[in-house]
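After the structure tokens below, expect a handful of questions from me.
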Amino acid sequence: MLESLFLKFLPSLDPMTSAMVMLLGMPLLGFVIQIFIGKRLFRGGDWVSVGTIFVSFALSVLLFIDLLSSGPQFQWTTSWTWIDLPHFQLTMGILVDPVTILMLLVITTVSFLVFLYSIGYMHEDPRYSRYFAYLSFFSFSMIGLVLADNLFALYIFWELVGLASYLLISFWFEKPEAAEAGKKAFIVTRIGDVGMFIGILIIFFETNGLLHFDSIFSYVAKGQFGGEFLGISLLTLAGICIFLGAVGKSAQFPLHIWLPDAMEGPTPVSALIHAATMVAAGVYLVTRMFPFFTPEARTVIAYTGSFTAIFAATMALTHNDIKKVLAYSTISQLGIMMMGLGVGAYVAGFFHLVTHAAFKACLFLCAGSVIHALHTQDMREMGGIRKKMPITFTTMGVATLALSGIPFFSGFVSKDLILGESLSFAMENPSHFLIPLFGFLSTGLTAFYMFRLIFMTFYGEPRDSKKFDHAHESPWVMTLPLIILSLCSLAIFFTGSPLGLGELSLWGEKSQWVKYLLEPPSSSEHPTSAHLYALILSLTMAGCGILFAYLIYYKQTLSSEKIAEKFKCIYKTLTHLYWIDELYEWAVIHNLLRLNTLLAHFDNRVIDQVLVDGWAPITISTSTNSGDFDNRAIDQMLVDGTGKVVRASGKEVRKIQTGKIQQYLLVGLGAVCGILILLTLV
Amino acid sequence: MESLSLNLALYSPEIILSITLGFVLIVQMISQSRLFTFLTALVGLMVSAGATLAIKSFSPQFFFANQLSHDPFSLFFKLFFIIATFFTFLFSYRSYEIDEERGAEFYLLTLAVTIGMCTLVASINLLTLYLSLELVSIVSYALAGFRKEHPASNEAAIKYLLYGAFASGTMLWGLSLLYGFTGSLNIYSINATLSTASLNPLALYSMVLMVLFGFGFKITSVPFHMWAPDVYHGAPTPTAAFFTVAPKAAGFAIFIRFFYSVFANNSGLPDQWITLPHVDWAFLMAILSAVTMTLGNLSALWQKNAKRMLAYSSIAHAGYMLMGFIVLSKEGLVSILFYLVVYFFMNFGAFFVVGLLANKTKNEDISGFKGLGWTSPLVAFSMAVFLFSLTGIPPFAGFIGKVYLFSALVQKEIYWLLVVAILNTVISLYYYTYIVREMFLVKPVNSDKALVLSPLHVFTLILLVIPTFIFGLYWEPLFKYVSNSLQFIVIP
Amino acid sequence: MMFAVDLRHYLVLSAILFVLGIIGILSRKNSVGILMGIELVMNSAGINFVAFSKYVAADLSGQIFALFIFVIAASEVVIALAIILRIYQNKTTVDIEDIKDLKC
Amino acid sequence: MTYLGFIREHLLTWIVFLPVVGMAVVLFLPKEKAGLIRWTSAFFTLLSFLASLELCWAFDRSEAGLQFVEKMAWIPTFNIHYYVGCDGLSITMILLTTLLSFLCIFASWSIKEGVKGYFLMFLLLEAGMLGVFVSLDFFLFYVFWELMLLPMYFLIGIWGGPKKEYAAIKFFLYTLFGSVLMLVVMLAFYFYSEPHTFDLLELARPQILKIKDLNIFGIALTIVEFRRVLFILLFIGFAIKVPIFPFHTWLPLAHVEAPTPVSVILAGVLLKMGAYGLLRISFPILPQETYWFSYALALLGLVNIIYGAFCAMAQITLPQDRGGNDWKKLIAYSSINHMGYVLLGMAVFTTEGINGAVFQMFNHGLTTAMLFLLVGVVYDRVHHRKLDGFGGLGVQVPIYTGLVALASFASLGLPGLSSFISEALVFLGSFKVYPSITILATLGIVINAAFFLWALQKIFLGPLNAQYKNLAEVNFRELFTLVPLSVLILFFGVYPMPVLNLMKATLDRLLTLLQAA
Amino acid sequence: MTAQDVFFYIFALITLVPAFVCVFHPNILYAGLSLFGSFFGVAGIYVLLGADFIAATQVLIYVGGILVLILFAVMLSKNIYGAKFQDEKKKKILPGLLGLILLGFLVKFILTTPWNMTLTDEAPLPTVSRLGDLLLTDYLLPFELASILLLAALIGAIILARSK
């Protein structure tokens, strides 16, 4: 369909290439137009961005339809030499396979909806067109990221989405927090990126310059990827390094700290970037590189993921900021995905990415809608708006149920798959029992905090009547995306079965399209018993969670204050987010600053004034021993440098010129006698 | 009597100078006009320079009963002195230190010094050597004290005289010992005897050192340099400029001729020398060279008086030039000669600018240079050129001079001295740029007026700046001329 | 015979004279006194030349040298006295210790 | 046609001496006509730039050797020649120089006093820099090398900031120290080569340098050691210019005190000279020693990267009275960091590394130049550069903000902008040889990001500082200087091959030479 | 010890003792006067060395010219007997020491050097005519040079001494 379309309109070009270039290029075009002339366009040019992303959306839908018809073996790739040096080539290329197409679908859909939503949400903003420019840029980078056929190209777009994220988080840069958050996001993810870059370096080094996914995999498959470093095989090490990139981007522990702060950005941005797409890029990367990871590396991934899942979930418990709760939930869910990938549930992990994209985007957009209506993010100031915003409430409810993993909703499908796989993984390797444990616990916690959110926001009495009075349902550009996304959160959309159990699908295996497209034909099925246990367990956990939430926040039979009082220590820890930020603050930033200051001081005092201006060795050793460069004595000793020594000696030397001629003569004669005496002695 | 006319012909530059000397007196008495006297002196110098060029065609020989040697070496220096004197006269014109009615006396004395220097570089006989050296010195004492009302000038004169007398006395004693040991006053005979006789090294060293006292005094080498800052400082600026250039060059010339003829022998290789056995004066001089440049530069760092600073700088430059002296090769000597030419333009130029400025401010303080670059760009620019050239920065001539000196050292692999020299170059930058800084980096006070320059001054300045440039960019002819001039040893 | 006079005696005499002259130059406060020291040095050199002329060179070159030393000594003294006179007029002192304005 | 032919035959000479011609013309213009002087200078730098474009056009990219060679005897007795030519190494630098010089003329509009002198010096500076990049005779190279010092001294010293005098003399002393060491080596090369020559190509031929054992005061140096000493001397000479830690302390001072266009030239071109000198002189002539020294070079590169980054960061954290809080200084230190990548790339002798290094030189020229220009823009308006003194400018001056952001991101190595490619190439190249050093060096990437973003945040983000409510947006003239650079940064970030094509053949040959060692 | 030797020692004494006084006597007038003796002594030495003309010239120039000039200068300055002209002792220590060292070297040099003495017969006296010959032949140039020197020195002295 796609190919014929392009053959019709652009007969001279390779249809697939031009389609891909167009898919990638449209948002870029939108960006360029918006950044340069957006302000002068009608309506600030929002139609440009929405239009361009719609084209991409349409193209990816067409592509998806093609894919469904051609089956999971579909793969199309093309590449160009980008950097061509003697004995060294770097290529740029496009790889289109089911994973790519699914990602494209997710990205463009969510993008399109969020763009649409933004028209309503951002309409009063003074930098309206710039906002759309950034959004377009993000979509471009994200599409590029999934289209890339090699690690290097992927890395490029990887950084670019980071840039887009930075720009959008600090979009309201007048707020110092927003500015701070943007910077934090960029830097923290960059730490991960550096790890990834090192991974790329290792791969590049080990494979003699192969960076293509396929060639790397075949290289690994042939067992040519040898080498060790500190007793760890380089392959594992490279895998972990690559995974580090994902840790940064997908906000996994310990680099998760940026994501909650990133909520300073506009809510649609949070929905698009920090819930649905960019943060999922890490998961995408792990999926993409899946064959590359050794079992050891996968274990690391699994542990990281599961720990992040439980860890973030606990943090979400106590937060009162609606977006922050969602942010921690995102972290937690990403952790689940990572866990899934780590335990080898390749399909399940990616599946959860797709479903999560829909319901989490929906959740964020709903939250945005609420915020838009109430002008606050604090749940304690909300309450009882169920009636005033029925669409929002309904869609959010659907998404919440999906997130909590309740049957009939998409979250149930994918999460259950992951949990089942992790359980069976743990059954095979009992020593790794913590992984599923964390997973199941986090499910319960998720249900708890999500329902807490719902109850606090939509039920009960309005806590701030002034805000409540102003509240109203959002315009259609905002609600439409909500509805579409909530529809996508239904299990039937993914499985063809209303309940969400794949086995009961209505339209054959193709209706379970994610699974159908991704499942490697040869993959062995895990014993279903594990799945069953998992099903029961997770449902129980979710049920418990909902129950507690209901009791505490709806019925208020259990007082949250009392519980907080009782578990004060834990509560405090949780509200302080485990003091992670404080730890970083103390451990990294503080010490880094001290190091900086020290070094700068070092530069001023020691290098400049001692080594260069100064006579070095004696003073250096004393200064390093004391370590305190502020020390007055050293200061006074060091200040004089070579320059000053020279000048001082100049000052001394000229004193021999006393003005007394007889002394001059004495010097001359003395020198003669001196030389003669010296000669007699020698 | 044919030989007498030949002798006179070969001595014609000096004779013309003596005639000019007389004419200057007469013209001054008759016309009472400074300008005429000035022109007379200049014309005399030009004729003398012409004569110097003319007698180049005579083959190298000894004349005046082996008292003097006619060779390219001496001709080069004669020309050098005549040109230096020429510039000194240009400099002195309208200088506030050489007042109007005493111009003729100034010319007369300076001409006498020039005659002495011209004879000095040609002399190969101890007596002529001593006599011409004393002619240079004694008249210089009078020149240093030329501003007789000025205590500084008096002081310069007495210091110069006392140091000079002491130095020449010591040297005289040394010369007498040489004479006593060899029984001859001719330097070649002395060398012949010295190189065959077996002398106690210590005795030889004593002679070398005593003679060195006299020569070191002239070239301002440490430790015989101490008079120089005071004398250059106190003497009238044109004279000081003259002193730092001409007598120093004369000192170098005779130093080279004497040491290379008396205390060294040809090593067998062309253009290479070796010192007399057991008397490694080259090494001694190398150390003195290092100390000289270092001391000169270090002392210059803190000077507040431009003239005094330049005086120290001229000591440092003597140290640089000594580097060429110690390598005992033609390359080294050529580099000294080359450097002298270059040094003349830049050092004289720097003094000239100081003098121009002093004509306005009546002193030579460096603070007087403040903002000069903004009020009188031409003068300041020239000064900057001279100073950078003195530092040894391309594309100015001073750099080329240094390159030749350094390359002489590299060829002989005397790297330690080279390192001292380059470090000194860096140090010297500091005080040279101090003046540049005052001129350009400091904005002038509103009341500062531009220097009033007569066309003659501008002309002189340009005449000094242009070679400083040209020889930095294209010095091939000069180098060829200089290396051809290095034939001073005529086998008797 | 140590007392039999030959060249060395003259030389030693001249050396003593020379050193005396030098000490005079270096230690006299009065600049005229320094001049006297210079004269002694000159004289000692003269003795040297004449002695060498007789004992070594066996010609009159040394004597001629001595003659010219007189000439130089005379002119030097003339100039020196002129300068000293000048200084005396300007500063009313001829003490060399007081003439040290130019220094450093 | 024949005229054109004549120009083309002596293209390099034209490029180098057109600024000198411009100087001569400016010299005769009356001092009061500032506008005329500016436009005349602009005209001649433009001519030079156009000529270099022509050079680029006519340049044979597949040829590794030298092209456009002109050789004339200059001082036959000393075997010095006017010998110029260009290859892939120098052509990028020539382009960079002519471009930046041309743009800087427009950035010099804000110079108000001593306009004539300023432009005279500036043109001389350009000629000197170009001369360095085209010289193939060591002597000529040295003359040009030093020739730059003088105008630089004046440009910093006269038109610089509050501590200009100190900065100028420090720069001067430092670089002079470096160059006299180079002078020693130059003379040693001359006298040890048989036949004596200053010809850099001749000297690079094996067996031409016949270095002997040396004995200085009883310290015996064997041939190998002596060659190493020569290498180190030469290296110090170049290291000061690069500048390599610990010879870098002149740099922050000079950059900070210099007027904007001069900082641009300093960072954009002058710093490259050190690295260029290493590649042009040290590497080919002393390949074994280069090999011997390569590990140290890589380590120094690492130190530069980390140390420069930390010091740049300190600008944010240190209060002003302790030498911090200066935006320009931050960029200056980041230059040290960036030159570290160049060193690292040069030290490893791999295709990627060396191409990356030279490309990084080029890119650093573009990005840092742009950053300095941008600092100049705001400095002209508010007369300070305190990082703390701004705040929220993003609202007031969006275009300016965008440009600064672009330059900063380019500088921190964001993909899609040119520096990324060169840094990535360097890392790819160096990881093969020195994995541990490379991994440590990647730390620099993070710190780079940190301080650039931090600076951006302090200056542009947050609430608008009320003081700057009326801050004017970049004007057309400033845009004229900035836009070409941004376009190039973007373009080469996406498609670097035009530059890499120019140099790859030459660098490949250099590499073969080094690998043979 | 021949008569000549005796005369030598006498003249040496006449030379050295006044020289000693000249150098070390605190009063400048005495110093100047004692110089008189020293010059005579040197003249005597010259006579012993067979240089009659030189001896005569020595007396004429030194005693008649130079010494008179010096004394004239001494007299010109007032306060001859004042404290100003009394030298301190301390100043003489270092120069004396150096002088002694130098003397040591010189004497050692004089005594150890194998002088190349070719003296066989006494040079005939008087030497005047031969000196005159030499001065107009071999030493013509120095002779002329000396005249320039004297002229210049004279003019220089006049310039300096003449008051404005």
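Labels for the chains are A, B, C, D and E, by order of writing; each one numbers its residues from 1.
Quick note on the criterion: a contact is a pair of C-beta atoms (placed from the backbone, for glycine too) under 8 Å apart; a residue touches a chain by one contact, two chains touch by 3 or more.
Computed from a predicted structure; not experimentally measured.
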List every chain that touches both subunit A and subunit C. B, E
Once the contact rule is applied, which chains count as partners of both subunit B and subunit D? A
Counting only C-beta pairs in contact, which pair of chains has the most of them? C-E
Report the chain whose mean Cα position is at the greatest distance from that of subunit C. A
Measuring between Cα centroids, which chain is at the maximum distance from subunit D? E
Chain whose averaged C-alpha position falls nearest the assembly-wide average: D
Whole-Å separation of chain centres (CA-atom averages), subunit B against subunit E: 31
Starting from the mean Cα coordinates of subunit A and subunit E, work out the distance between those two points in Å. 103
The distance between the C-alpha centres of subunit D and subunit E, rounded to whole Å, is 71
Whole-Å distance, C-alpha centre of subunit C to that of subunit E, is 6
Two or more other chains touching the same residue: where does that happen in subunit B? 127, 131, 134, 138, 141-142, 145, 148-149, 157-159, 162, 166, 170, 177, 180-183, 202, 206, 229-230, 302, 430
Find every residue in subunit C that makes contact with two or more other chains and list them. 7, 11, 18, 21-22, 25-27, 34, 51, 56-58, 61, 64, 68, 72, 75-76, 79, 82-84, 86, 96, 99-104
Shared interface positions of subunit A, touching two or more other chains: 643, 654, 657, 659, 661-662, 665-666, 669-670, 672, 676
Among the chains present, which pairs are found to touch? A-B, A-C, A-D, A-E, B-C, B-D, B-E, C-E
Counting only contacts in the complex, subunit A reaches subunit D at residues 35, 82-88, 130, 152, 155-160, 163, 166, 170, 173-176, 178-180, 182-183, 186-187, 190-191, 193-194, 197-198, 201-202, 204-205, 592-593, 595-597, 599-601, 603-604, 607-608, 611-612, 643
Subunit E - residues contacting subunit C, complex: 1-2, 4-5, 8-9, 12, 15-16, 19-20, 22-23, 28, 31-32, 35, 38-39, 42, 45-46, 49-51, 53-54, 57-58, 61-62, 65-66, 69-70, 72-74, 76-77, 84-85, 87-88, 91-92, 94-96, 98-100, 102-103, 106-107, 110-111, 115-120, 123, 127, 130-131, 134-135, 139, 142, 146, 149-150, 153-154, 156-161, 163
Report the residues of subunit A in contact with subunit E in the complex, numbered from low to high. 662, 666, 669-670, 672-673, 676-677
Quick check on the complex: what are the subunit B residues that touch subunit A? 158-159, 162-163, 166-167, 170, 201-202, 205-206, 209-210, 212-213, 216-217, 223-224, 226-227, 229-230, 284, 295, 297-303, 312, 427, 430
The residues of subunit E that touch subunit B in their complex are 105-106, 108-109, 112-113, 115-116, 118, 137-142, 145-146, 148-149, 151-153, 155-157, 159-160, 164
